Amino acid sequence: MPIFYRREHVKTLLTPRKLILRTCVSLVLLAGVMAACTMIGSQPIQAAKMFDRQHGGRDYEIFVHVRVPRVFLAALVGAALASAGVVFQALLQNPLADPYILGISSGAGLGATIAASAGLDWTLWGRSPMAVCAFAGALATVWLVWWLGRLARGAGPTGLLLAGVVVNAFFGALIMFVTSLSGSRQVQTTIFWLMGNMTEETFPVLWISGGCIVASVAALYLLGPLLNAISFGRADARSLGINTSKVAMASFAIAAFVTAVAVSLSGLIGFVGLIVPHAVRLLVGPDHRQLLPISAAAGAMFLTAADTVARTAVAPAQLPVGVVTAIFGGPFFLLLLIRHAKKLWR
Amino acid sequence: MQAIEVDNLSFSYNKRPVLQNLSFEVFEGSFLAVIGPNGSGKTTLVNLLRGTLKAQSGSIRIDSVEVQQYRTGALARKIGVVPQEFVPAFGFSAVETVLMARTPFYSRSGFERESDRIAVEKALRQTETMEFADRSIASLSAGERQRVFIARALAQETPILLLDEPTSFLDLRHQVGIFDLLKSTQIKEGKTIVVVTHDINLAAQYCDNALLLGSPDGCRCGPRPEVLTRQLIEKVFKVSGFMGEVGEAAFFLPLGGLARDYKARAGY
Amino acid sequence: MKKLWLIFAALVCWTAGGVFIQQWQTGTDRDTATPPMRIVSAAPNLTEILFALGLDDRIAAVTTNSNYPPAAMGKPKIGNFWHPDIEAVISAGPDLVLTLGFERQANLARRLERAGYNTLSLDIETIEQFYAAVERIGSVTDSEAAAAELLGRIKNRIAGPGTGAVQAKRLKVLLVIQRKPMRVVGRGTFVDEMIELAGGVNAVGPTLHKYPPIGAEQLVGSSPDVIIETADSGVDPSRQRAEALDYYRRFSDLPAVKTGRIYVISADSISRLGPRLHEGVEAIAGCLFFTGGNM
C-alpha cells in the first residue's frame, strides 16, 4: 500500500469522494440560487399567495410563465458557456480563451444580422429566425475556423487561435456592412438580440436544449482526464498515449455545439465562459474532472443571478445581461484572485 | 535485438537539411548518448523518434515496426519521452502531473487504480520529487520541474526512455542522481535509454554508445570510446581542448584562448 | 469513446420523451367570447387610438411614453416602447394586449401568447395600415361604429389641404428631422405620405434608409422648393427658423433658399402615426400654401 496516500502529500489529488462531494455541494447551491431568483423580479410576488387561486392567480402566472422558464434558461445557458470555456481553455492551452474566441460570436452575429435584415418571418419549433440562423452561423463558422486551423497544422494552438481571430475580424466587418445597409429598426433589433437577452422559452425548447446541454457537460466530463493531458500540449499528450486528434476534435465539437445552442437561446453573453472556469480553477484546482461539473454549476448560478439583476435593477427596463456579467464578474474575479493568489501556486 | 533501428533518415526544415542519411541502431537494453553542437538536429531526432515529426526519407523502426505505423497508445507503451523543460499553462501539482502518465490505464470511472498509484509513488521516490508532490509545477524551479517530467516518463513504465536534455537545469547532485537512476533502470529493468545531452563528460561516464551529430562527414555512431575521441569532438564542436584520463572513460575539457591552461590543449 | 455514443443515445431518447410529453400538454383556454375589458397597449399610437375610440376606461396599462392624451399618463405603466416588462403586463391582468408588428414588440406578443394571453400585433407603418389597424381594433373591441366615425373624421380633415394641388406643380419638400448631421424624411415612410397628402412631393428620391442621412451633394441635388425643419418641444421655433435661414444661406442656389421658404414645424405632429395624423398633414400644408410664418 503506497505510503503517501496516508500522509499529507497528496492533498491535491482528486478522489471520487472529493468529486462527488464537491459536485453535490455545487448542485445544492445552484438549486438554492435558482429558487431564490424565481421569487425576485420587477413585480413582487409571494410564495404564499401563489397557490391561492382566488387572489393569487397573478402571482402564480408570473411565477410559472415568466420566472421559472427564465431562471431555468439562465441556468442552462450559464452552464453551457462555462463548460465550453473550460474546454477551449484546455484545447488552446490558454487561460484567457473563451467560447467565442474561435469565431462563434461573429458567426452567430452574422447569422442573426442577416436574418434580421432579410426580415425573415418563419419560426422553426417556436424559435425565431434570428435564433436559428445564429445557431447555423455559429456552427458553420466554427467548422470554417477548425478547417483553417488544420491548414496551419504545424503552428499548433496558435494556428487555431489566429484562424479564429481572422474569421472574427472578417465576419465582424461583414456584420457592419450588412448593418449599414439595413433599416434602423432591423439594426436595433439585431443589436438588442446580440447584446444578450433572456426570455421565457417554451417547455419543449427548455426540455430539448436542457437535454443537449446536460448531455454535453456529461460527455465533456468523461473526457476530463484526457483534457488534463491535452492542456500540457498536443505532442506531450500524444507521448502519453492519448489520441489527441480524436480527443481534440470530439471536445471541440461538443464545446462548439453547446456554445452555439447557448448563443441561439440568448444571444452573446460574455464573461461567463472566461471567468467562471478561472474562478473555479482557483477554488478547486485545474483537474478537468471536477472543473467541468463545478464550472457548469457555477456558471449556471452566476448567470441566473446576473439575469435577476438585469431584470430588476432598472425595472421596468432591462439591462442587457452581458453588461451585468461584465460589471459584476470583473471585480468579483479580482477579489478571488487576490484572496487565493497563493493557492494558484500551490 | 534492436530496440530502435534508423535507416537512411533524412529530414529538412523548409528545404534546409538538418539530418541527412542518418543510420544507426540502438540495441535493447543499451544506453545511447546523442551528442552534437546546437543546430545539429538533436531535438529534431528526438521528435522523429517519438513520431511527432515525419521523415522525408528513410525509416525509423521501433521493435521492428515503423514509428508512423504505431497507434498512439501502442507507441506510448514502448517509449516514454522526457521533453525539454517547459512551463505548462495550468498549475497542476507534481503528483497530478506524474499521475497523468497513467491516463491510458485509468478505470472506467476515470480514476486511477492501485497499480497506477504504486507506479507513481515509485517514480516520485526515484526522482526525489516526493517532497514537493503537492506543489504546482509552475511554482517549482526548472530543475525540480525537469525531475517531475522524468518521474512522469518513469511512471509510464516503458521499455525505452527518450530524454531531451534531462539535466540541463539540474545542480551537480541531481545531475549525477538522474544519470545514476537512468543507469540503474538500464541495469535492473533492462530499459533502453537514449539521452540527448550537452554534457559530454557526464554522458561518457554512463553511456554504452554514442551518436555524434553535426559532423560534416556525416554522423558517427558506435561504442563510446570510438566516438568520443578528441579529434572528433574538436572537429564537430569546433573547439580545442584537453583530453584527459579518469579511469575507464576519458574526459574532454574545452579550453579557449584566454583559458588558464590553454597551453594544455593538444597540438600546442 | 463508446460512452460518448451512449450519452448521445440517451440524449435522443430524452428529446423524443420531450416531444411525447408535449403532446399531452394542453394550453390554458382563455375566454374570448366577451369583448376585452382590460386592454394593455404597448405603443403610444395604439394608446391614442384606444382613447380616440372612447375606450379609455377599458385600458389597463400603457407604456411610459404614452403622453397623449394627458389622461393616458395617469394609467399604470408596463415599461417603455423598447423595453416592455412582461411581468408588469401580466400583473395588469389583461384580456387583450395590443402591440405593434416589428420584431421587438412581436416578440413580446409571442411570449404572451405562449403564456396564454390574447394578443393582437398590428403593423402601423403606412397610413393604409393605420386605417386597417383602427378598423381591426374596432372590431375586436366591439366598437366598429366608433372606429368608422373616427376614420371618417380623419379622412375629412386630411382631404382638405392637398386635394386641389395640381400634380405637375407639386412643390418639392425637404423635411429635415435633424440638421447636423443631416437626416431627412425619405420615401416610403408615413411622413412622406403626409407630404403627398399635403400637396407636395418629397425632394429626395428613393433611398435605402427610411430616414436617410444625406450629404451636401444630395441636398443640392434634390433642389427643394420648400425646406421644413422639425423642432422638438421646448425649442423656440422662431429661433430655430432664424438659425436655419442662416445655415442654408450657403446653398444659395436652392429654390427654397432663394425664396426664403424655410419653415419650422413641431416634431410631435409628424412623429407618430396615430389619430392625430391630420395635424401633421395640416402643418406641412400650412408651409406649402401660405408664405412666411411658422407653424
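Order as written gives the chain letters A, B and C; numbering starts at 1 within each chain.
To be clear about the criterion, a residue touches a chain if its C-beta (ideal position, glycine included) is under 8 Å from a C-beta of that chain, and two chains touch if they have at least 3 such contacts.
In this text the structure is predicted, and so the values were computed from the model without any measurement.
Participant: Most central chain by CA mean?
Facilitator: Closest to the centre of all protein C-alpha atoms: chain A.
Participant: With chain centres set to the mean of the C-alpha atoms, which chain is at the far end from subunit C?
Facilitator: Farthest by centroid: B.
Participant: Using the average of all C-alpha atoms in each chain as its centre, how far is it in Å between subunit B and subunit C?
Facilitator: So the centre of subunit B lies 77 Å away from the centre of subunit C.
Participant: Taking the mean of the CA coordinates per chain, how far is subunit A from subunit B in Å?
Facilitator: The separation of the two C-alpha centroids amounts to 43 Å.
Participant: Taking the mean of the C-alpha atoms as each chain's centre, how many Å separate subunit A from subunit C?
Facilitator: Distance between chain centres, rounded to whole Å: 38 Å.
Participant: Which positions in subunit A are in touch with at least two other chains?
Facilitator: 222
Participant: For subunit A, which residues are in contact with subunit C within the complex?
Facilitator: Checking each residue of subunit A against subunit C gives 41-43, 57-58, 61-62, 65-66, 116, 126, 128, 181, 183-186, 188-189, 192, 199-200, 202-204, 207-208, 211-212, 215, 218-219, 222, 246, 250, 315-318.
Participant: Any idea which subunit C residues touch subunit A in the complex?
Facilitator: 1, 3-4, 7-8, 10-11, 14-15, 18-19, 21-22, 25, 64, 77-80, 82-88, 90-91, 93, 102-104, 107, 111, 114-116, 208-211
Participant: Can you list the residues on subunit A that touch subunit B in the complex?
Facilitator: For subunit A paired with subunit B, touching residues are 2-5, 8-16, 90, 93-95, 221-222, 224-226, 228-229, 231-233, 235-236, 238-244, 281, 285-287, 289, 344-346.
Participant: So in the complex, the part of subunit B that touches subunit A is made up of which residues?
Facilitator: The contact residues of subunit B facing subunit A are 47, 50-52, 71-73, 75-77, 79-81, 83, 86, 88-93, 95-97, 99-101, 103-104, 106, 109-111, 117-118, 120-121, 124, 130, 133-136, 138-139, 152, 156.
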